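Input: a single structure, listed below in structure tokens.
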Amino acid sequence: MMTFASLVERFYAAMAAWGIPWIVPTLIVMVIVVSVVLAYISVAAMFMIWWERKISAHIQVRYGPMRVGGWHGWAQSIADGIKLLLKEDLIPAGADKVVFVLAPMVVFGATVAAYVTIPWAPGLIVRDLNIGILYMVSISSLVVVGIIMAGWSSNNKYATLGALRSAAQAVSYEVPLVLSLLGPVMIAGTMSMGKLVEAQSGRWFGVLPGWFVFPQIVAFLIYFTCALAECNRLPFDIPEAESELVAGFHVEYSGMRFAMFFLAEYANMFVVSAIATTVFLGGWHGPWIPLPGLPREVAHGLFGLVWFQVKCYFLIFVMMWLRWTLARLRVDQLMAFAWKVLLPISFANLIVTGLVLVLGKQALLYVGGIAILLLAAILLAARPAARTVRVGERT
Amino acid sequence: MIPLSHYLILGGIIFSLGVFGALTRRNAIAILMSIELMLNGVNLNFIAFARYLPQTMLQGQVFAIFVITVAAAEAVVGLAIVLGLYRNFKTVNVDEINLMKW
Amino acid sequence: MPKCLSARLPWFEEMTPEEILGQLKQKIGDAITQSEVKGIEVRLTVKPEQSWEVCRLVRDIGFEYLNCISGADWMTHLEVVYDLSSLQHLNKVHLRVPVDRDNSVVRTVTDIWRGANWHERECYDLFGVRFDGHPDLRRILLPEDWVGYPLRKDYTDERLVPYTEYGMEEKLAKAEGEKAAPKDAKSLQPPAPAKPATA
Amino acid sequence: MAADYAYVGFFLVVGVLFVILNIEVLSRIIRPHNPNPQKLTTYECGEEPIGIGWIRFHVRYYLYALVYIVFAVETVFLFPWAIVFRELGMFAFLEMMVFIGILLVGLAYAWKKGALEWA
Amino acid sequence: MTLKLGIFYFLAAFTVWAAAVVVLGKNIVRAAVALIFGFCGMAALYVLLDAEFLAAVQVLIYVGGITILLLFAIMLTSRIGATTARVVNDQVILSAMAAVGLLVGLIYASTSGIPAMSGPPRLPETTPFLGRALLTTYALPFEAVSVLLLAAMVGAIILARKE
Amino acid sequence: MDRPIPIGTTVVMERTGETMEEMYVNMGPQHPSTHGVLRLMLKLDGEYIIDCIPYIGYLHRCHEKIGENRNYTQIIPYTDRLDYLASMSMNFGYVLAVERLMGQKIPERAEYMRVILAELQRIASHLIWLGTFGLDLGNFTIFMYCFREREMILDLFESVTGQRLNYSFYRIGGMPMDFPETFLTDCQVFLTWFKPRLPEYDAIMTDNILFQKRVQGVGISPPQVAVDYGLSGPMLRACGIKWDLRRNDPYSIYDRFEFDIPVFDTCDVWARYMVRRKEMEESVKIVEQALAQLPPGEVMAKMPKTIKPPAGQIYSRAESPRGEIGFYIISDGSPKPYRYKVRSPAYVNLSALPEMLKGCLVADCVAVLGSVDIVLGEVDR
């Protein structure tokens, strides 16, 4: 047994053998874990920033950063970080200073705390909380509070408008988000992230991987849409729409304070992708082969780690892709979409899932899922949609 | 094990603070906030009892859920009333609103 | 939504500029002090007191499109010039309203064309013509605290640098230099600009 | 159980400490600090701000939050239900359907009353 | 168990401090922000009492919902820029006496009226248990809650959208 | 017109009193989407715009005063700076005015050159408009796409004029020099590249449902209002009024080409978008025809050394990408104009902005402002 957990156990045992009180090794382990996670967040966020710039550039037939650090400007984010570190920090004279200073802490702290229960690989999870999913959802509502604090304390109209928009948007998309997560929870019968992943180990009809995305395709689409909104990504980035509100809630933040918001935003993107991966895309499941010279568990763990990252970054890539392809929605359309489209569909999904589960015919899940998908598509298409005048049509 | 009385006293302190706030604050929204504090103090007691009296089958927690629900409903309606008051009186300071006085 | 504007506007028969002028003279002849037809354009000079009536009449006989309101300073008097045209035919009306320099007031035409608003503000801003009845007569291009009306010919400003013809400065410097200190003149001269290449 | 949450608290604290370390310690040492009144004015597109930024807002924001709370409370009941409804069978399912149904009436009401409209 | 006790004292102090700011704070928005921290402290206390589900619910409903609603209402009604001279009414002394009297009574009751109890070292996972309880024993209140929520929503919409 | 225009929020305010306190927000001059240094003072009720007051003049450069102190040829470079995104069209309008004042005819080849350059300029100007419009609506990618094609047009212009932005290439009486030898093939290459790009823009903008939702029924200016304000160019044609000076008041040699005047009648941002989008196709058609017909010969008429138009006055108009660019010139027979006035399309179009914005959301503000297609150099002059 060479898994991560066993290593920790051994460490505890060794420390106990040395006669050191239990608190010391516990603290040491905690510090190590949190350092690793923080380092991961920082590096991943910086990577994502660079990656997004490269993706956007290549979508837009240009190269993006090419200078700093040699190969494709890989050090661009680091240079940006240093620049932000060196920037003067200004707090507007009219601002509520205490709340202004607290806001980035709330946002970043909540984001970091969300990493506690991300299942990276089999057995590799900081703490598998028994209310995992609910914990993730509730901790992310703290981020919204931080954003409101930032926007309000700036004493700036754009920031206040941005904060209000952000709050209204977050509360609107929270409900369908939670409802869409309920489907998999119902199938798996647990809220723990680790157990959710384990519940997806089987195979549907012996062919498809046992991921919940297949029976819960509707829920997955709803979740992903809502996740975009929760992260304030385009097309739902109205809280910080730069062409309307300049930068929204963080208009007055400069230097390192802004950098913290920026970092938290990207870290948050990873969190929502990790939730989607865990709940819908089978987490660390994926084909793996035992590596020669390595114990089975370790090989499985390594593959799991890689699979999890691959799925997460694929979702992040999709988010970036959407951002650089779509236009921004307007605030009223955004709200109408959440309440009048997503919410009814997610309720329908919930009810169908529950009915099928109670009847005990799992295969029907597919039928139900596809039926809802079709129904939603028909309803969407039949809505008194905007007249689409095609190019070439003359009036 | 932390003695049960610790939790009860803490709940009592928060409840009393809430009472004080509800009685003294002029702003109606602040009064609502104080009432939320009171409900929280009560919830703490419920949950503490649920923890220390397992033979009650977690009744305390079930009650706490209902209390939270009621608190949410109270906040929703209470704030709507405050908005209505504000619309009519242009203030949310309760001692300036003397509709029922004569 | 009307597909074509003609649904709203009185249909304007294709008329020659002469006929238009004749019609105008017939209806409001006493306001017109001077008239001329040049090509497709009817050029009128109108008494300032009756400019609004003429404008409305011209609008009503089909010139619904206000191209431009400009001012001009003729030293003896100011002039407000209305250029009007139609979206249905090619005829144009060129309306000139002479106004007094010192007490330049014209009745606004914003109630005839809402688009006149900014044109009149600009005219006020640069020429100081006041438009009676204008809803929002403020300076538009210049700062609110600007003094004077820059496009009047007698406008002076100590910041205004008099323009000299190309090469004039060198010529002057040369002339001065030859007179005063012929030796230093060359060092003072800026390097001669390269001649632009011509095709 | 509670020991698991020690990690949560620790992560929260460390997250906050990380922010403090970056902003108040690391950056403070190396960044310049020479504010002046011009710099410290609130940004309003290069003009003097008109009034304060803390302005009153529209009731429609409030209506969204209101409907949200009702549905958030509902999810509180949905999570325990989702975990156990299979062992309790059809009865629990129907029970929750009644619960959801009543709330959907509320949603329909809000929809009809225009609480979900922006205008 | 001193560590746990220490954490409890820390959380208790934090929560009481936040509650005091809520009650005594001059700036209403700061009071609301303090309320957020108070709710979070309360959630941590729930965790200490092995009620993780309720802690998460506390954060989700109170922090994510009710305080946002409160902040909206504050922004709708208050002139935050204008500093109000007085935040309390004329009955401060009386109310303080009442509150202190209540507190003394409550402390007396909690210390003397209740026998010393100690629960099991660890509660089982509470969520499924709560689910079972809600759907069987408490089925009627559970359904009543939906009616309550419906009534609250309808009433609030009517009140807020008076046109 | 699907979304009902919210009935005057001011009415609601009167009813509910102080609850909805309006707030004033400055948009601009330092704002990412005011396309320069325009300042809009928005009076908001929540997110709805009750009123909007534009403040202009931040870029005022005394264009007309300077014009009175320059001789006729010297004014040409100044006209470049009017609409710096369509310098060719500005040059064109100006030299046209002076030539009309003088009664001057210019050589055939020069006429064709003028049309080719002006239409390419129209494409370039619409491209930059399309890009920034996408940017306003949160779509960055279209911006880069449009700039790629615009760069190619600028390369063409550079090969002809040596300049990339302010060409000063038109002369009174013709053109200063002929096209370089490679121009015709380069231009053909560009056109063959450009034509398939338009469907690409459609894929990312026109056919995108999010984009359609953002622009349809927003910023409505009914035809009556449009004529009342004297809107021109695509703004007018988006109101269902088929009015294009190239066709309705033909100048230069526009009557020799086959092209359509795109007209849409929804009067909203969408219609303005579609008009400009279609106009690019029509401009391509014109350029193709002109290239095919291009006659050989001189490019400059015999002109006196000093240009002294006879005393008189003229209001001459031409169709710039933004609408009717008018030049009002009073000549007293001297080498300098006695009075020189520019009627710029963006100035007039912008004056209708408050009318279009009333009752819109803040987010619509940028869409509507974008659809007006202002260039501050021209507005402020």
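Here the chain labels run A, B, C, D, E and F in written order, and each chain numbers its own residues starting at 1.
Simple rule for what comes next: a contact is a pair of C-beta atoms (placed from the backbone, for glycine too) under 8 Å apart; a residue touches a chain by one contact, two chains touch by 3 or more.
This one's a predicted model, so the numbers in the text were calculated from it and none came from an experiment.
Participant: Counting hops between chains that touch, how far apart are chain A and chain B?
Facilitator: The fewest steps needed to get from chain A to chain B is 2.
Participant: Which pair wins on C-beta contacts, A-D or C-F?
Facilitator: Of A-D and C-F, it is A-D that has more C-beta pairs in contact.
Participant: Taking each chain's centre as the mean of its CA atoms, which one is farthest from the centre of chain E?
Facilitator: Of all chains, C has its centre farthest from that of chain E.
Participant: Taking each chain's centre as the mean of its CA atoms, how far is chain A from chain E in angstrom?
Facilitator: A distance of 29 Å separates the two centres.
Participant: Distance between chain A and chain F based on Cα centroids, please, to the nearest Å.
Facilitator: 44
Participant: Just the number, please: Cα centre separation of chain E and chain F in whole Å.
Facilitator: 60
Participant: Indicate the whole-number Å distance between the mean C-alpha point of chain B and the mean C-alpha point of chain F.
Facilitator: So the centre of chain B lies 62 Å away from the centre of chain F.
Participant: Which chain D residues reach two or more other chains?
Facilitator: 1, 5, 8, 44-45, 49, 51-52, 54-59, 61-62, 65-70, 72-73, 75-77, 79, 82-85, 96, 100, 118-119
Participant: Considering chain B alone, which of its residues make contact with at least two other chains?
Facilitator: 65, 68-69, 72-73, 75-76, 79-80, 83, 86-87, in rising order.
Participant: Which positions in chain A are in touch with at least two other chains?
Facilitator: Chain A, residues with two or more chain partners: 129-131, 134-135, 152, 157-158, 160, 164, 167, 171, 174, 191, 246, 331-332.
Participant: With touch defined as at the start, can you tell me which chain F residues reach chain A in the complex?
Facilitator: Where chain F meets chain A, its residues are 2, 23, 25, 31-33, 47, 134-141, 143-145, 148, 202, 204-214, 216-217, 240, 262-266, 270, 274, 277-278, 361-366.
Participant: Taking the complex as given, what residues does chain A use to touch chain D?
Facilitator: Residues 30, 33-34, 37-38, 85-95, 104-105, 108-113, 115-116, 126-131, 134-135, 152, 154-160, 164, 167-168, 171-172, 174-175, 178-179, 182, 185-186, 189-191, 246, 251-252, 255-257, 259-260, 331-332, 335-336, 339-340, 343, 347, 350-351, 354-355, 357-358 of chain A touch chain D in their complex.
Participant: Which residues, counting only chain B, touch chain D once they are in their complex?
Facilitator: Those in contact with chain D are residues 65, 68-69, 72-73, 75-76, 79-80, 83.
Participant: With touch defined as at the start, can you tell me which chain A residues reach chain E in the complex?
Facilitator: On the chain A side, the touching residues are 23, 96, 98-99, 102, 129-131, 134-135, 137-139, 141-142, 144-145, 148-149, 152, 160, 164, 167, 171, 174, 191.
Participant: Going by the contact rule at the top, pick out the chain E residues touching chain B in the complex.
Facilitator: Against chain B, chain E makes touches at 1, 4-5, 8, 12, 15-16, 19-20, 22-24, 28, 31-32, 35, 38-39, 42, 45-46, 48-51, 53-54, 57-58, 61-62, 65-66, 69-70, 73-74, 76-78, 84, 86-92, 94-96, 98-100, 102-103, 106-107, 109-111, 114, 116-121, 123, 126, 129-130, 133-134, 137-138, 141, 145, 148-149, 151-153, 155-157, 159-160, 162.
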